[in-house]
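Data block below; observations after.
Chains here go by letter, A, B, C and D, matching the order in which they are written, and residues are numbered from 1 within each.
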Amino acid sequence: MTRKPRVAIFDFTGCEGCELNQLNFEDQLLDILAHVDIVEWREAMDDRAGEYDIAFVEGSLSTPDCIKRIHDVRRRAKVLVALGTCAVTGGVNAVKNTRPIEEVREEVYGQDKYLFPTLPALPLSAVVKVDHNVRGCPMTQIEFLKVFTALVMGKRPIEPDYAVCVECKLRENECVLERGMICLGPVTRAGCDAHCPTVGQYCIGCRGLVSEPNIAGMEEILVDHGLSLDDARRRLQLYNANQLEGAK
Amino acid sequence: MVRFFLERDRVADLVKHLMERRTVYAPHRKGRRSFAFARTADPAAVVLDYPRTLHSVKKFFLPPREELLRFDLTDDTFAAGEPEPSGAAFLGVHSYDVAAVRRLDHNFSAGNAERNYLVRRQGAVFIGVGFEPDKFHFSGSVGIEPDDTAGCDAFLTKLLDGYVLEILTPTGRELLKGLELPPYEGNDPPAHPFQQHIYVPQSRLGRIMDKSYEHPVWAEASRTCVGCGTCNLVCPTCYCFDVQDHVDITATGGSRERTWDGCMLRGFSEVAGGEVFREGLPERQRHRVLRKFKYLSDTTGVPWCVGCGRCTAACPAGISIANIVNRLVGDAERTPVAPI
Amino acid sequence: MGANLDIKVRHLTRVEGHGDIVVNMRDGVLEKAQLDIVEAPRYFEAMLKGRSFHEAAIITSRICGICSLGHQITSLKATEQALGLEVSAQTVLLRKLLIHGATIQSNVLHAYFLAAPDFLGQGSVFPLVASHPEVVKRALRMKRLANDIGDVVSGRAVHPITPVPGGFTRIPTAHELQELKRRLQQEMVPDFLATVETMKALAGAIPDFTRETEFISLRCDDEYALYDGDICSTDTGRVPDSEYRRMTNEYVVPHSTSKHARANRSSFMVGALARWNNNHDKLCPTSLAAAAELGLQPGCHNPYLNTIAQVVEAGHCALDAVAIIDRLLGDGLKDEIPNQEPTRYGTGIAATEVPRGILYHEYTYDRQGRVAAANCIIPTGQNLANIDDDMKKLVPEVIGQTKAEITLKLEMLVRAYDPCISCSVHLLDVNFIE
Amino acid sequence: MKLQDLINPAAAKELYLPVMAEIRDVRKLTELETLYTVALPGGAELGHQPGQFVAVSLFGVGEAPFSISSSPTRRGVFELGIRRVGMLTDVLAGCTAGRKIGIRGPFGRGIDVERFKGKDVLIVAGGIGLVPMRSMINYVLDRPGDFGRLIICYGSRSDRELLFTDELEKWRRNPNVDFRVTVDRGSPDWTGHTGVITTLIPGLNLDLDNLACCVCGPPVMYRFALLALRSRGVKEKDIWMSLERRMKCGVGKCGHCQINGSYVCQDGPVYHYPEIKALQEAL
């Protein structure tokens, strides 16, 4: 490669935990910086750049201003990577989409609700073409490094399309179902190396669903493990509100 | 055959004796209610009385993740991964897991013999232990009894106050030399009955499987199956794998790694152009079960399900392979059986 | 003839979240000096309503990646109080250890990566990689260790995993804790002392500005209050945390998607400087010595020195973390199962000192253990009015300088508060109407 | 018990280590397909049968199976025709002459040319299926005395996607070859046959008692091609087909390529139709 790729990082509606997770690569940060030129990153620097090879974009789209800005980012980026589940599926933000938006605004701002425009929380892919995804809430560091090295090498990163259970088994974890808990791992897309079950917590589904999830089967599993059907649906909804919308 | 009496209090002596001579892998507690084979550091931590381990000893010969080679991107050279002979004593293995290793031995020897597996497998000594079947075990139905010593170098059978230690091979004798134990002269301890069965003798299974292809059971099992692949990944006789390259963050080198894979996963049979050759969960479930009870049995003469019950115990949807088989049996033999 | 000045800094950099600085002066009369919060609202309330108590902390931690641990711990405390779940002494110690880790990581991140570039006249930390590699490496090392506390004890530093209502899903091993202790003593303490030297060298770039205001923080008798305590004001003294509404009084302003707050005057300040002013007597000797080195005095009213107070506090957290590990190991680690059997369904209130100030969570649960009402008040929201008041005093004082200089002073002022705009927007006072 | 016992690892082979070969020439065939000429180190011969495949790898990217497109009669180098569809093939598309690639193989069972000898050879190739079939076609053309007539039916989605256009032209002009080509959708200046590949079969002049036929194409093609051949009276025993499945090892270990109990990488990719007729998953 003759020139280092120019990288820009943007944030939309989200918690910025994904960006923070980038700053948390203490061990690899200097290696990463050796491969690229970071030309725009509001959270860490003042510069504003014109064009870039790779744009990493965090957060979901939830205001008219977001929509304008993402088109602008897309125009100026050769490759656009959605960073974190908010950007990939809408994430937790999309839970608000399951209720009438007026009701939600009124609850929060009361009579002042019209001061602040809002839209349903959308994944980036609902508005612009997304080339690659780094999932997770916060985005999974190992996956970020995989996508990052793939892009630096000029290859297409592959996104796993199997369940978290696979990675959980590869690590020989005790299944949390065995501990009498519930788990969303069976329909959640792997790539995190089964981080939560490995430390004894259930998979909350933060990486979104596999491509052909058996939702009815999963609901039945949750009910068998002690949830009401209503609670089972809510648990599944946490990160998948936009995806399950159609399913119901 | 030589039999000794191992008093309960002396189990730790046996473990110590082994540890002085070899690396010892034995069942240990893992998590709150599970067990796993692990390298023994403390004799007191070994658990001989356990229902089943999360993974079988397969993981030592065909590791879940294994480096096949390391490459250098700056000059396109590579070095082969260096598997090490295990040479270890595997203490407290159940009969069905030893039977599973025998099947893997076949797979990695027949046709193109694979160095990686065969090297790792070298020098492994098995000291089996009997087990009390729980509601998931059904190895008896595929010809593997709890006290089946086939493939073991020594075997422990539980008594009220200790174990009968049987020495079965010269390797076993050699390894246990110097461990002073009194001979055992009592009766054979009573066998524990199985709670789960396949309802026909093994010899009739082949014919039943031949007729199973269009059976509704595949679709029925797929109602709650979520295609998570757990059943493949915990199975001691599943050996399918995936291979991928991983690049170091410096982008100057990396490794080619193989990882366990499973036929219940959608991507397993997907080819370029997006065609998935086993498109639905019913097709995949059928493939999984027929691999255990037909395809591989047709060529090797033994069922490739060893009845350990892991897939059933671990399935989040509680799908039972024995019940699936019994559904097929029931229809073929026109006997009523419980629904899956 | 008076001065004219128009400043609009859109999407202020090196802060967490989206905020604009807006200043207008006409003929020497200051018309406007304020921080507009333009972060998109996310309506967390809608997500919390009807959710199981297992999920409340998972959701609130997603309000903000930077403060995720603080939200999580505060949420768990409120839930436990509402449901009558007792937690063990070990759980409390582990949580305190986590708060120390998060405080060190946040304070170090702010001082080195967000504030230091200003002191060195740089736009970001990246040029410092080349010009001051040792300093950057030290900062990364400190952050790494602080994050490792989070990784080891809570499974992950951002959006922690293992802290759940009633305890932890996984208890760290003695070996892991010993290793943390070793690194705290061998790496963190020397790095802290070196940081004090670095900051001393840079402190000349900190503007000299004071405005008297009210400082509010937690306070307790036996330690430097972080995990819990009474609400303590420099104006009116101590009140129990159940009276938090009286100490915050939130209200909506049009220029901010985040609500503002006031207590006894038009504005007050929370955060490291408030903690310093209220609790410096509880700091360890090493931190007190560092404060003296850096010229930080009790009763300090220069908001720019919040950054210095953060550095001082990081040292205390590091040393107290060692003491906590000693206690945990001395008592012997126990593999406790989280206590998740509610004994009642009611309301719980919790207050925690997170890096930017006091965080309050209050939940009411229905009989199914689902959230019926929630109210969270976050530190940055409490500081916003104080920031506006500071700007109003600062602009006339510096009006003789160039616009670029004034802009920089304003940006540095806002950054000194280390505002967390995500938080400020995402949690608002809500009572669900059934 | 027919289980084979553990054999001595010293006698076992290194199955997964590639030989580092070199790309000698790169020729773009269409928008998506590229032809690579590859040489093994030291001028070694690959020694393949038509229909066999190799595993190609680029370090850091991965490995995938590709059919050998050149005839074994061509010495010194071999050719691969590769369609750009994903991770590895993307990167391959950017490779130029001189680039080192890993090669393992040749693998699998190719066309049993002995059973084709003395007979008319019918090749039915759809789309990229021409890549492996070209190996057989050129083999037959290079040994004219060994075989009867050569009949080629080639179908492509559009005329812009036709592969090896210069060679197609040569086949068309060769009096010993009955060459037919069709496209699903032709561009306005396409003057040839239009329609799916099976529409070529009814018009063929076949000597049913002296015929051997090999079919290769996309998955959907097989069923229809078979119907068309059977309705022309082609005997099952005279049909071979080359199948594709996902594969990771090429040596019968990884399990991906199984069709019921058969391993495509061992028992295929070229199957004699009567062998797979009973395999439900094959076609």
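Just so we're on the same page, contacts are C-beta pairs under 8 Å (C-beta built on N, C-alpha and C of every residue); 3 or more make two chains touch, one makes a residue touch a chain.
Nothing here was measured: the structure is a model prediction, and the numbers come from that model.
**Q** Per-chain C-alpha centres versus the global one: which chain is nearest?
**A** A
**Q** Measuring between Cα centroids, which chain is at the maximum distance from subunit D?
**A** Computed centres place C farthest from subunit D.
**Q** Distance-wise, how many Å sit between the C-alpha centres of subunit B and subunit D, to the nearest whole number?
**A** Averaging C-alpha atoms per chain gives centres 38 Å apart.
**Q** Compute the distance, rounded to whole Å, between the mean C-alpha positions of subunit A and subunit C.
**A** About 25 Å, centre to centre.
**Q** Taking each chain's centre as the mean of its CA atoms, how far is subunit B from subunit C in angstrom?
**A** The answer is 51 Å.
**Q** Would you mind pulling out the distance in Å between where the CA atoms of subunit C average out and where those of subunit D do?
**A** 65
**Q** Return the residues of subunit D touching two or more other chains; collapse runs of consecutive numbers into ranges.
**A** In subunit D, the residues touching two or more other chains are 60-61, 86.
**Q** Which positions in subunit A are in touch with at least two other chains?
**A** 153, 200, in rising order.
**Q** What are the residues of subunit B that contact at least two other chains?
**A** 32, 247, 251
**Q** Is the way these chains touch best called a line, a ring, a star, complete, or other?
**A** Topology of the interface graph: other, matching no listed pattern.
**Q** So which chains end up touching which?
**A** Pairs flagged as touching, ordered by label: A-B, A-C, A-D, B-D.
**Q** Residue numbers of subunit D touching subunit B in their complex, please.
**A** So the residues of subunit D in touch with subunit B come to 1-9, 11-18, 20, 57, 59-63, 83, 85-86, 89, 100, 102, 218-219, 244-246, 248-249, 251-256, 258-261, 266, 280-281.
**Q** Looking at the complex, which residues from subunit B come into contact with subunit A?
**A** Where subunit B meets subunit A, its residues are 30-34, 36, 54-55, 59, 64-65, 222-230, 233-234, 246-251, 259-260, 262, 265-267, 281, 314, 316-318.
**Q** Where on subunit A does subunit B make contact in their complex?
**A** Of all residues in subunit A, those touching subunit B are 28, 31-32, 34-35, 145-146, 148-150, 152-153, 161-163, 165-166, 169-175, 177-179, 183, 185-187, 200, 210-214, 216-218, 220-221, 224.
**Q** So in the complex, the part of subunit B that touches subunit D is made up of which residues?
**A** Listed in rising order, the residues of subunit B that touch subunit D are 68-69, 71-73, 76-78, 80, 102-103, 105-116, 118-119, 121-122, 213, 239-245, 247, 251, 254, 256, 258, 261, 263, 268-273, 275, 277-278, 283, 287, 290-291, 294-296, 298-302.
**Q** Would you pull the subunit D residues touching subunit A in the complex into a rising list?
**A** Touch list, subunit D to subunit A: 60-61, 86-87, 90-91, 94.
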